[in-house]
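Naming follows writing order (A, B, C and D), and every chain is counted from residue 1.
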Amino acid sequence: MIHVLFFASIREQLQTGKLSIELDADGITVAGSASIGLSVSTVEQLIAYLASTYDQSWLPVLSADNVIKAVNQQVVDKNFIISDGDEVAFFPPVTGG
Amino acid sequence: MNKSLPNSAITIRVQAADFDVNAEQKNLRELTRSVGAIVSFVGLVRDINDAVSVSSMELEHYPGMTERTIKDIADKANQRWSLLGITVIHRIGALAPTDQIVLVAVSSLHRGDAFQACEYIMDFLKTNAPFWKKEKTSEGERWVDARVTDKKAEQRWHQ
Amino acid sequence: MNKSLPNSAITIRVQAADFDVNAEQKNLRELTRSVGAIVSFVGLVRDINDAVSVSSMELEHYPGMTERTIKDIADKANQRWSLLGITVIHRIGALAPTDQIVLVAVSSLHRGDAFQACEYIMDFLKTNAPFWKKEKTSEGERWVDARVTDKKAEQRWHQ
Amino acid sequence: MIHVLFFASIREQLQTGKLSIELDADGITVAGSASIGLSVSTVEQLIAYLASTYDQSWLPVLSADNVIKAVNQQVVDKNFIISDGDEVAFFPPVTGG
């Protein structure tokens, strides 16, 4: 299982705050659905998978240069390899403080 | 450099409730009777941002990662300067102009360390801790944009 | 740069009584709803100074010249940075370890100005305002020596 | 009349916190005494006068390099010219804050 989180303007654009993806031996499946057999290993591949599964409009939103990717609460780049059980988050530049 | 500040001397809280600067400074003063300096930063909601009137704001965050990021920043400050205590409190939820948003308070023997560390922590919190502000303004709702000046403030410390 | 901070936004007090950081910050927040940042420095009596245990101290000052010197320092800070308010309170008389000695609180739109101005004011207060500390220690009474590091801290600002 | 003030360790060494000196046309006199006809115009000359009038031990104390001189609450050097009505203060390096 991979937990995917979206925050702030990204959450609003996708109209989704979180979702889970089931990983099986062959690749990944959307939770509760059958496996679609697409191989996902990097953050970039996860974005492509999410767009193909949910909505192609997600691709430009999640691929934008300024979108920050975090795996297990550490910032990573798009080539970071995701493992089963990981928490993957997408968010815009931070504006706290 | 003092690299041995115990975890008990680092306090990090993310909360909806307001904070009390006196109470937090008192905690730092009670950690050790050797404290000579406390530098505090308080960030406030301004009534005007980018020339638009702000009536209120909503602060969203990434639970868990915020605390973890701030702890990492505090640890790095503690390695870089000789500190006695660090307290960081960041509020979330609905806030109005003049409300307190964030407190960074740092105690040390001598003031130079506390000044440097307090500004360092704020600069990295601003650019790394996953909080987002959404303002209600006279022109509608809007997500606050990240500032180039904040990124530059952070980058000074890498030199 | 804002060179027009009114005198009413600069508060300077020399007093025997303790001060309340919350109350002083509240005053700065009420000056204008545009305040985005408050940086405060609090100096405290340490229990050990130069490796000798301190049981109490007496702070002597030059009445009139202290206030005048601090006002001059605050005016210079106000010319150099864009500030909204400055509060400086310095205590005199008998003080014990962990007691508050001095507060410098500076408010501004953005944090960089307040951090710089607060440290500037402290650095010049330390080397120019006519206060003198006499400590009661385990080895008897002694006047505290001026520190070379304080003079160096001041000199940074002349560069 | 010139008002002279001593602070902190200097006050203790001289065992005096303040004194007043009467200026007349010919020079200065100690308040309540007759004029001694010594010409005083600079801070340095005031120090010499004080030592000759009160105690020669005051000369090294007040002439020490690190003693700060202030006239009317502004720091000055030993060549600063004093006028009637001035407040002249001597003190060690400051240690507040």
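In the analysis below, a contact is a pair of C-beta atoms (placed from the backbone, for glycine too) under 8 Å apart; a residue touches a chain by one contact, two chains touch by 3 or more.
From a predicted model like this one, the values you see are computed outputs, not experimental measurements.
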Contacts common to chain A and chain B (chain labels) | none
Could you give the separation in Å between the centres of chain A and chain C, each centre being the mean of its C-alpha atoms?
-> 51
How many angstrom between the C-alpha centroids of chain D and chain C?
-> 29
Rounded Å distance between chain A and chain D, as computed from the means of their C-alpha atoms = 78
Residues of chain A whose C-beta touches two or more other chains | none
Can you list the chain B residues in contact with two or more other chains?
-> 43, 122
A full list of chain pairs that touch reads A-B, B-C, C-D
Going by the contact rule at the top, pick out the chain B residues touching chain A in the complex.
-> 43, 59-62, 64-66, 68-69, 90, 101-102, 122, 125-134, 143-146
Complex interface listing, chain C residues touching chain B | 20-22, 25, 29-30, 33-44, 46-48, 97-98, 109-112, 114-115, 118-119, 122, 149, 153
Within the complex, chain B is touched by chain A residues 5, 7-9, 68, 70, 73, 75, 89, 91-97
